[in-house]
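The following blocks contain the structures, represented as structure tokens.
Two complexes come next, and they have one chain in common, chain A, joined by chain B in the first and chain C in the second.
And now, the complex of A and B:
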């Protein structure tokens, strides 16, 4: 049943049971709040989301105010603004206001409202209460109880989302603090969500702490490549420095408001010191390291090898986009008629594993996408590792698409070692580690943060990637671009043969 | 359109009268110049000219010259690596790397603090943005140097170069709100903070 109500003299239709806060959020009317979070239960403790309701003597909190027929709500009247001012004053009584050393500065609710509606002259004459600072309370967590405004979001997260109940509010009054239980730490795979939902700087992330001020970073809306769930993420980077700093979850149907700590590490392999920055080819002396070579030369060499080779095989990891697979298979399967396409997966993965929240044992973002594209080209396969089939296959040319995220491949070293024993390997990779081995050639690929595309997650839902910055080096390119180059080279060779 | 009527100069004046005026003015000027020259030559009047660089010139205290970083009472660098100077800098010449201080009582400090002095425009915005009086533009104005010299001032140079004679300690009120510090100390100094969050 829908109900008509007005907010700031504008009419809206609401659902029965909806709160004013939810309705306002839905229509982009901003009601300032600290303790309310769309993914958690209602606590109503911060007293900040005050709104005025026609005919009621006092202001009410919007987060716990169900809509009723004919309700007339005001979010911008003078009493409301006055209430914000005073609520903020109370929150700041014991807040240290150490924004210069606080990592939350720049994305802090308290700081924003202080600048917006703050009473810059405090009327409190008592000294501030001192509380424990800089506590190591768990994985990737630093807790500063002085900065805390006791909104209890973190306590509710622990109780409701991870159901681990690791946090509580202890003591009373102005001495109340957030804390863990005696000799207990918060050790699960979702701790950094506490940092995200903390509206102030009470929880900060050990990993991101002091690395970069948030106002020097931009955010790209993309998808986590860490597992088959495909959580929507905001990837923080600096376009001038071409550096990536952190990953935060973005709301989507798949992951709601959360993501796991494992996925948050997925920015590390993107930075320039981890990356393969140009193409390489084997030195004449097989025991010497590979030599940096122009990409055009290597593609030329690959095209020549393709002409000569009798038995060609592809080895593909499920960590690239659907578009890339289509381009790759359209050339190799569709045009050249090569049907030896093998999947390359970690041997130690347990694809059935699921931790009950988000993380999945299938640590490839596009397992399903790869199988579907293979099926489009008439190659029906089951999910599984086929590295050994390939190694036993006696091929004179193997084109291998190495995993982007080596962290998810527990036995990558064994596989890379075995691969270098094959007669002729063209390895397409994005991680620097492959240079420890010797292949006939290595081509440098872009990472997920540098390209658009689609993953299909475990349920077949399409997850859209968006590029953050241009690639860290001019020599690296996407699979689609490489295949185009290769196709052009092959065509030029055919034309030459045809004319001669 | 308004018309302004101007008197024409008489066309028939002798050339002698036309030049005489200029000569008289030159004479007046030479008298002034030679007067000062001779008075200063015979030490009747002090000269304003300095024999720089042997004789240093003093600028006012508010002169915005070479930067320096101030220290706390205990000799540690005062900067908290908040990046406000780097944010305010219009020339983008301040490079800071923040880190956790090995000594637990200080939370954040700059493990690197560098100013690319060739980019700096000496606007003083860094000084103005600093919430803890950690960076100041000092009275030093001689910054010439040979090619190949270090034009990026490091943290040590900015805080401890010889001109600073062991570093400048800032007297700005310290944030003593830390449980590791003596609580009585905090209570004593906290009255300074009243009225300001």
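And now, the complex of A and C:
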């Protein structure tokens, strides 16, 4: 049932059961708040989101205020502004105000609200309450109970989302502190969400803290490549430095407000020191390291091998985009008629795991997409690891697309070892680590953060990638671009043969 | 005195009677006849009688009791609970323990009748941890009532079941707030719950629950026996019946007195309590427990002890704890004690209370040492203003209201104190 209400004299249609806060959020009407979070239950304790309702004697909190027909709400009246200012001052009197050394600075609710509704001269002149600081309370978590404003978001997250109940509020009054239970740490795969939902700098991430001030980062809205769930993410990077710093969840139907710690690690392999920055080819002496080689030469060599080879196979991991698979298969299957396309995956028994929240054992973002594109080219397959089938095949050319994130394959080292024993391998990869092995050639690929494209998650939902930066090196390119180059090279060879 | 202000002994009927706590004595004085009468009535009739009697909550808020019961959804198939708030913690209050001392059976009987009214089959008495003797007396009374068939299954062959248990608090003032009490009863930290929903709809374990004060419940048997009209005749139109007043401070005869509501304050103070102790002079009076704003002697002259007159004077009847302040009592000390108390007892959930009570206490600590400033007084007024009506429960208001009153009414004394310290 729809209800008509007004906020600041503007009319809105609300749903029965909706709160004023929800309605205001929906229409981008600004009501400051700390304890309210759309993914958690209502606590109503920060008392910040005060609004005025016509005909009611007291200000009310918007987060627990159900809409009623004809309700007239004001979020900008003088009493409301006064209440917001004071609410902020109450929050800050015992806050250490250590912004210069706090990693939350730049994305802190206290700072933002001070600029928006505060700007008062502090009136508290007595000593502040001192509380424990720098507590190592769990995976990726540092807790500063002095900075904490006791909004209880973290406690509710532990109770309601992960149902691990790892946090409580101990003692009372202004001595109250957030803490873990005796001899217990918070050790699940979702701990960094506590850092995200903490509106101040009480919880900071061990991984991110002191690495980069947030105002020196930008965020790209893209998708986590860590598993088949495909959580929407904000990927923080510095475009000038081409460096990546962290991953945070962004709201989507798929992942709501959360993501796992494993997925948050998906920025590490993007940075230059982990990356394969150019193409390589085998040295004459098979025991010597591979040699950095011009990409054009490598593509030329591959085109030649394609002409000579009798038995050609593709070995494909489900970590690339639908668009890349289409380009790849259009050339190899559609044009060259190669039908030996094998999936390369981690152990099948691992891929069926699911933790009940978001994380899936199938740590490939595009398992569904790969099978669907294969089917478009008449190759019908079930999900499965065909690495051994390929290794046992008698191929004189194997084009292998390595996983973007090597660590997601439990047997990656054995696989890479086995692969180098095959007669002629063109390995397409983005991780520098592949240079520990010897292949006929290695081609450098872009990573998920450097390209657009589509994944299909475990349920078939399309997940769109958006590029954050241009590739870290001019010598690396996407599968689509490589295939184009290769096709051009093959055509040139054909033309040459045709004319000779 | 007019008829409506003639003293009647309802809650203190057994005052001076030997062994008044025993079942035998209580029965001999007519005890449990009200329960028999109530069990013969349709439950809705009990609520109707209590509504008509004008009985209001005696814990401090003064909410009409029958109206509160009528909020329990009757179509709910969830179990319903009746909880007695015996967590008497408001500084200056010692009336509920007096009922436990005189007539614990009056409370047990009142609970059985009230439970019947809205269909609760389970009740708890939640008693303040420090009331060691009272707890023992209540437990004995419950055992006796079970043995006599006044509690348990099929009470007096009426088909009505009512089980009553006793629960000891753990020593927090906030558990006297009804939802804080329910959190504690559920085994959780004693923190008030966000409203709505109210306990009558979703209380103990999420089930419909009525929380009533000891004194409220103990008045129910008399009302059932004598009828709503008889109770209504006592007191004033909006404050019906009698109330226990506990007077303390420098008076001749501190103690608990049962008086009709509307009784003149000065008459109570001078005649019942015997006026000021020898050589003492009245400086003010906190009429309803530490959270009630203080009244000056001038304000007290025509004050009457009822909900409406004290509210009109900017204070409140509260729990009926009348604290007499004599002229030798420095107001800075009194204010420091008050804000210290609320700072210590704030549960810490809501920011304005958690931070505001601490801030007020900090200011007063410095002030008492002579390290205050005159500007502290308007600051304390402003802090208090922003603590009122801003939180889940009334503890924040309870700290703010007396602070504002003392700061305003005794500001000359507070300013002089600073100058004297400086000089």
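Quick note on the criterion: the second predicted complex is superposed on the first by the 496 of 500 C-alpha atoms of A that agree within 3 Å, B and C clash if a C-alpha of one lies under 4 Å from a C-alpha of the other, contacts with A are read in each partner's own complex, and residues count from 1 in each chain.
To be clear about the criterion, a contact is a pair of C-beta atoms (placed from the backbone, for glycine too) under 8 Å apart; a residue touches a chain by one contact, two chains touch by 3 or more.
All of these numbers come straight from a predicted model, not from anything done at the bench.
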- First (chain B), second (chain C), both or neither: which does A:130 touch? first
- Message: In the overlaid three-chain picture, which partner chain does A:122 touch, first (chain B) or second (chain C), both, or neither?
- Response: first
- Message: In the overlaid three-chain picture, which partner chain does A:239 touch, first (chain B) or second (chain C), both, or neither?
- Response: neither
- Of chain B and chain C, the chain that contacts the larger number of chain A residues: C
- Applying the touch criterion given at the start, work out whether A:291 contacts chain B, chain C, both or neither, answering first, second, both or neither. neither
- Does chain B (first) or chain C (second) touch A:213, or do both, or does neither? first
- Using the touch definition from the top, say if A:146 reaches chain B (first), chain C (second), both or neither. first
- Query: When the two structures are overlaid on chain A, which partner does A:96 contact: first (chain B), second (chain C), both, or neither?
  - Reply: first
- Item | Intersection of chain A interface sets (partners chain B, chain C) | 127
- Query: What residues on chain A touch chain C, complex-wise?
  - Reply: 42-48, 50, 57-59, 64, 66, 82-83, 86-87, 90-91, 93-94, 123-124, 126-127, 129, 149-150, 152, 169, 171-176
- Note on the structure: Per the touch rule above, chain B residues touching chain A in the complex are 80-84, 87, 98-100, 104, 107-108, 131-132, 175, 177-179, 183, 186-187, 190-191, 193-197
- Message: If we count contacts the way the header does, which residues on chain C are in touch with chain A in the complex?
- Response: 172, 174, 189, 194, 196, 343-352, 354-359, 362-363, 365-366, 379, 386, 389-392
- Task: Enumerate the contact residues on chain A facing chain B in the complex.
- Result: 92, 95-101, 105, 120-122, 125, 127-128, 130-134, 146, 209-211, 213, 215-216
